[in-house]
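Next, two complexes with chain A in common: one pairs it with chain B, the other with chain C.
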Partner chain A sequence: MGIFDIFLLEAVINGLLLGGVLALLSLGLNLVFGVIDVVWICYAELIMLGMYGMYFLYTVYHAPIVVAGAVCIVCVGILGLALHALVIAPLLGAAPINQLLATGGVLFFLQSAATVLFGIEFKNLGLRLPVLKVAGMFVSYSRLLAFGAALIAMVLVYLLLTRTYTGAAIRAIAQDRQIMPLMGVDTRRIYLITSGLGGALAGLAACLLVLQYDVHPFVGLTFGPITFLICVLGSLGNFGGGFVAAFVFAEIISVGGLYLDLEWGYVFAFAFFIVMMFVRPEGLMARRS
Partner chain B sequence: MTRYVPWIGGAALVALPFVYRSPYPLHILIIILIWSFAYTSWSVMGRFGLVSLGHGGFMGVGAYVTALAWNYGHVSPWIGVPLAVVASAALAALVAYPCFRFRITGHYFALVTLALSGIVLQVITATRDYTGGSLGYTPERYQGGSSLWAFQFGDKTTWYLIALAVWAAGLYVWNRVDRSMLRYALEAISEDEDAAAATGVHVTAEKLKITVLSATMTALAGALYCQYQMFISPDTVSGISVSLQMVFAVVVGGIYVSLGPTIGAVITILLAEVLRIWFGTRAVGWDNLVYGVLLVLFIIFLPKGVVGSLLELRRRSRWTSS
Partner chain C sequence: MFRNGPLRVACGLIALAVVLGLVLASDAPAQGKKLKIGVVYDYTGPLAGGGSELHALGAKIMIDYFIKKGGVEGYQIEAVYADAQSKPDVAINEAVRLIEQEKVDMLLGFYSSAQCVPAAARVEQLKKFMWITTCISSAVLENRHLKYVFRTQPSGKQFGLMSTDFLAQNAKSKLGREPKDLRVAIIHEDGAYGVDVSRGNEEGAKKAGFNIVLKEGYSATAPDLSALVTKLKRGRPDVIFHTGYNPDITLFLRQAREQGLRFSALIGHGAGYGVYDKLKESLGRDVNYFFNVDPISIWLANEKSLRPPLPAMIKMVGEEYEKARPGTQVRSAHVGMSASNTYVFMTEVLPRAIKKHGGVDAEALRKAALEVDLPEGGTMLGFGVKFEGESGAMAGQNDRAFPVILQYIDDKPYLVWPKSQQQREPVLPLPGTSPYAAQ
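The block that comes next holds the complex of A and B.
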C-alpha cells in the first residue's frame, strides 16, 4: 500500500468535510466565550437536544426536513437564551470558574433529562442520503451538505459581526467589557443576543450532525471534548484560530482513523494537542507578544 | 474538649462494623468512604482554584491499570496499585506541566483537563479487545474467596476498615497540605501568579506538586473502587461525568473545609440511593437530574457548600454574642 493511495485521499477529503462541521461546532462556543467570557461546558448537550428535536419533528411528526431544521435552530437558540438568563446572568459577578461549573450542572441536567424523557435507545432519522462516488472514492452526501452549510453559516456570522451595528457592538464588548457599558452599549442585551446566536449555531450543528450520526442522551460526550480541544488550540475566542484548528483536528482524526479505529483518531488528536501545547501554548493562530 | 472529637468519632467509626453488621448499610458506608476519599483528593487541588475536570481520567487509569495487571500479568494489586498510581501521576505531570509552564489557567485548564478525561474514556473504549470497552471489566476472582495477596476480601467488615483507613489518610493529607507552606504558596498563586512569582514562589513547581499529589490519591481511589466492586466500566470510573460528579460533591459539601468532600459524598450517594429505592428502575437518570439542578442552585446561592456555610453561620453567631 503506497502512501498516496486512493484511500488516503478519500480520508483526507472526508477529513476536510468533517473539519467544516467541527469548525461550526467550535464557532458557537468561541462566540459565547469571546463575548461573555463564559465557557458553556454543556454546549454539546444543547446540540444533543437539537438532534432529538430533529428526530421527533421529522420522524414522529413528519414535518418537512427544512421546516424541522428551522424550528430546531430557533428552539436551540431560545435554549441558549434561557441558559444565559437563568444560569449565567446570576453568576456574572462570581468567580469565572463558578460559571463553568454551573454549566457543568446543566450538562448533568440535560443529559439525564434526555435519558428520562427519551430513553437510552439510539435513534436516527432513517434517512439515508446517497453516497457520491467520485473517481473511485466514496464521499458521503450528508457530509458534503454539512460542510457547505457550515461554510455558509460561518460566512453569515462573519458578515453579521463585521457589517451590522449589533455586530460591531458584539465585537466591541469582546474587546473591552468594562468600557463598553460606559459608552452606552446595553451589555445585557448584547449578551442575550450572543447567547441566542450561540444557541442557534448549536441548533444548526445539530441539524447537520443528525444526518450522519445516531442520537442518544450521551452523544454530547463523543464530540464535546474534541470541540473544547479545538477552541483551546485555536485560542479561546479567536474565530480564525478555531477554524484552522478544526481542520487540523479533523484531518488527524480522519487519517488516523483510516489506519486504526476511529477512537484512535481521537487519541492521536489528543496527543497532537499535548505536543502543540508545548510548541504553541497560546494557540495556533495567536500573535506572539 | 473539641480536641478529642476527631478521636472519639474515629473510634466510633472503627467500632461500628463490630456492633452493627447489616450488609447493605455497610456496603453504602464503604462506597461513601471510597468516594469521599476520591472527592477529598480532588479538593486538595480544587480549593486553590485549580479546577481539574480530568480526575475522571486519573481514576480510570488507577482502576484499569490495577485490573489489567492482575488479569494479564498476574501481578498482585500490591504491585499493580503502585504501578497504576505511578502511571496516573505520570499522566498528570505530562498534561499539567505544559499547562503550568505556559500559564494555561482558569477556563483553559478546566477545558484541557476535561479533554483529558474524555480521552482516557476513548482509549479504554478503543482498546476494547483488552479492556472490554464500554461493557466493563472484571478482575479475575481469586480461587477461595479472600486473599491478602490478591487484595480480595469476601468480608464487608474488612473492606469497611480498609476504606476507613484510606479515607482517614486522605483527610490527614488534606490537613497536612492545609498547614504546609505549599498552601500559602498556592493561595498566593491563585490570587495573582505574577505577584507570587515576584515574591519568590516557584509557580510551576508548586502547582505541579499539588496536581501530582491529587492525581496519585485519585488513582488510589480508583484502584480501591475496582478491588471492592470487582467490576469497572468506563462510565463509572472515568470520563467527564465522573469528573463533574467529583466537582459537584465537593461544591455541595464545601470546598474549603476538610470534611466538605465527605459530607458531599454522604449527601450525593444517599440521594442516589433514596431515589433508587423510591423509584426503582424508573430512577435511571433521575439522580443525575436532581444533581444537575442542585449543582446549579448551590453555585448560585450557596457557593461555600453545606459545611462551609454552616461554619460561617456559627462564626457569625459567635461574633454577635461576644
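The block that comes next holds the complex of A and C.
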C-alpha cells in the first residue's frame, strides 16, 4: 500500500465534495455579515427548519421534490426576512455583543420550538440516490449535487452583486454603511433583501443537506460551529474567502483523516485555523489595508 | 337521651372529630412513607432520538405501574423526571439538583456512558443510591469500588466479547474461513460507551486470532465520515464491528453505501442499532441481515424459562408501549430493557430494603441490592441478578447479565446467539441482495 494510491485520490475527491457542502453553508452567513455586519449565530437553525420543511413537504404531503425544494427556499428566505425585521432591525444601533446574544437567543428558541413541534425523533426523506461509479471510484450523488449547487449559487450571487442595481447597492452598503443613506439609498430595503437572500441560501443548503443527513432539532450543532469557523477563516463577510476556506478545511479533514485517525483530521483543521488566526487574523482572503 | 338540640350537635361534632382524628392518625404514617426517585434520561438533544427517550419510556411505564398499584410495602412512589439534554455536564447538574433541591432518595436511569461515568462518582460522593438502567461502559464501575451504584445491564466489554465470540464460532461454518484468515475492522464512537465496547472487540478479536485491519474511533457528531469509509475500503475487512449512537450510524451506513464499501457482515452494538424502525426509515432494506448485540428484547425472551410473574409484566409493558407509540413496527429492545431493570429494583431491592433494612436510605438500598440473588430466568431479560461486592473490581455490576445477538431479517429481529437461545440460524455472509454484500 503506497502513500499515493487510488484511495488518496478518493479522499481528495471526498474532500472536494465535503468542501462544496461547507461552502454552501458559509455563503448565506457571509452575505449577511458582509452587508449588515451582524452574525446570525442561529443560521444553522434556519437550515434545520428548512430541512424539516423538506421532510414534511416531500414525505408527509408527497410534494414533488423540486417543488418541495422551491417552497422550502422561499419559506426560509421569508424566515430570514422575519429574523431581520423582528430581531436584528431593532438592534442595529446596539453594541455587537447584544446583536450576537439576540441571535444566540433565537438559536435556543428555534431548537426548543422544533423539539416541541416536531419531537426529538430523527426524520429523513428515506430517499436513496443512485451511486455514481467513475474510474473505479464511487462518488456520492447527493454530495455532487451540493457541490454543483454551491458553485451555481456562488456564481449567481456574484452576478447579482456585480450586474444589478440592487447588487451594487448591497456592495456599496457593505463598503460604507454610514454614507449610503446620505446618497439616497434605502438601507432598510437593502438589509431586508440581503436577509431574504441569506435565508434563501440557508433554504438551499437545507434542501441539499436533507438528502445526506437525518433532521432533528439539534442538527444545527453539527454544522453551526464549523460554518462559523470557515467564515472567519475565509474572512467574515468575504464570499470568495469563505468558499476557498471551505475547501481548504474539507481537504485537511478528508486527507488528514485518511492517513491518521479520523479525529486527527479535525485536529489538524482546527490547528490550521488557530495558526491562520495568528498569521492572517483578518482571514485567508482579506485585503491587507 | 340527647333531647337538647345544641347538646346533640355538640356531641355529633365531637364524635366526628374523634372519627376524623382516628382516620388521620391511621393515615399519617402512610403519607409520610414515600420513595422519591429522580429519573435522569435524555429527553432532548441527539441522544434522545438515538434511544434514550425509549429507555425513559420503559422506566416510566414501570414506575407508573407501581404508583398505580399504590406503592411498594407501604411506601408511595414519586418520580421526578429530569432531562440530561444529551450533555454530561447537564446530567451531573441535574443529578445534584435532584438530590440537593428535590431531595430525592435515589437516582434511576442514565442512557449515555459519557454521562454515567462522572455522574456515578458525584452521586457516590453525595452518598445517594444510583440504579443504572442503561449505560454500559465498564468505566462507570471498573476499579472504582463504588458503594451505592448498581447496574443490572451487562457491561460494554461483554458486548464486545460476545460479538467476537459469535464470529469466531461461525467463521469456519458460515464464512468458510479459519478465524486467523478473517479480516475485521472495529469502529466506534469515541465516548466511554464506544471505547469500552471496542476494548471488548479488540480483546476478543485477539483471542480468536482475527486479523484486525482497522480500529478507530470518531466523534458521534462528526459531519463527515467519508475518510473512515475510504480507510475501511483500503483495509477490506470481512466483518465490521460497529458501536455508535445515532445519527452517526445512519451517516456512516449512508456514506458506506455511496462510496461502495463491501463486507460480509456488520455487527452493531446496541444504542442506534437497537432502534430498528429508525434504521429502516433511514436506510430502507439496506439494514436487512445486520446484527445487533444487546440484552435480549423482552418480547423475544422465551417465556417458559422466565419466573411466573414476568410474562404478564412483559405483556403489560408491550401494551403500554403500543399506547405511547402507536404504529411501532418492531418493538425496540430499549423500552423492555429499562422496564425490566426498573422492575428488578421495585420487586427485589426496594421491598427487601424496607422490610429487612428498615427504610429507603442509601445504606438500606445498598444492602438490599447486594442480597439480590436471582438465577437465570429471574428477569424479563432472561439473565439472573447477583451484584459484585464493593471489594470486587467491578463493584455494583450484575455478574449474571449477558447480552445476546439479534439479526434483523425482513423486518423481524431473530435471536441468533448464543446457541442455547437461538431462534434461527444466522444468515452469514450478507446475501447478494444487500448493497453492502462482498459477494
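By our rule, the second predicted complex is superposed on the first by the 278 of 289 C-alpha atoms of A that agree within 3 Å, B and C clash if a C-alpha of one lies under 4 Å from a C-alpha of the other, contacts with A are read in each partner's own complex, and residues count from 1 in each chain.
Note that in this section a contact is a pair of C-beta atoms (placed from the backbone, for glycine too) under 8 Å apart; a residue touches a chain by one contact, two chains touch by 3 or more.
A quick note: this is a predicted structure, and the numbers were derived from the prediction, not measured.
Clashing of chain B with chain C is the outcome of superposition onto chain A. Of the two partner chains placed by the overlay, only chain B lies in contact with A:F33; chain C stays clear of it. Using the contact criterion defined above for the overlaid structures, shared-chain residue A:N98 touches chain B, although it does not reach chain C. Judged by the touch definition given at the top, the superposed model places A:L221 against both chain B and chain C.
In the superposition on chain A, A:L110 makes contact with chain B only, not with chain C.
Within the superposed three-chain model, A:G257 lies in touch with chain C and out of touch with chain B [touch as defined at top]. Shared-chain residue A:S140: touches chain C; no touch with chain B.
When the two complexes are overlaid on their common chain A, residue A:Y266 makes contact with chain B and with chain C alike. When the two complexes are superposed via chain A, 109-117 is the only one of 1-9, 55-63, 109-117 or 163-171 in chain C with C-alpha atoms clashing against chain B. Chain A residues in contact with chain B (one complex) as well as with chain C (other complex) are 115, 120, 217, 221, 226, 261, 263, 266.
Contact residues on chain A toward chain C in their complex (touch as defined above): 1, 5, 7, 10-11, 14, 17-18, 21, 115, 120-124, 126, 128-129, 131, 133, 138-143, 212-214, 216-219, 221-223, 226, 250, 253-258, 261-263, 265-266.
Across the interface of their complex, chain B is touched by residues 33, 39, 41, 87, 90-91, 94-98, 100-102, 104-113, 115-116, 120, 217, 221, 224-226, 228-229, 231-232, 236, 260-261, 263-264, 266-267, 270, 273-274, 277-278, 281-282 of chain A.
Of all residues in chain C, those touching chain A in their complex are 43-46, 48-50, 53, 86, 190, 216-219, 221-228, 230-231, 233-234, 246-247, 250-251, 254-255, 257-260, 278, 281-284, 286. Of all residues in chain B, only 49, 51, 53, 94-95, 98-99, 101-104, 106-108, 110-112, 114-119, 121-123, 125-126, 239-241, 244, 247-248, 251, 284-289, 291-296, 299-300, 303 touch chain A in the complex they form.
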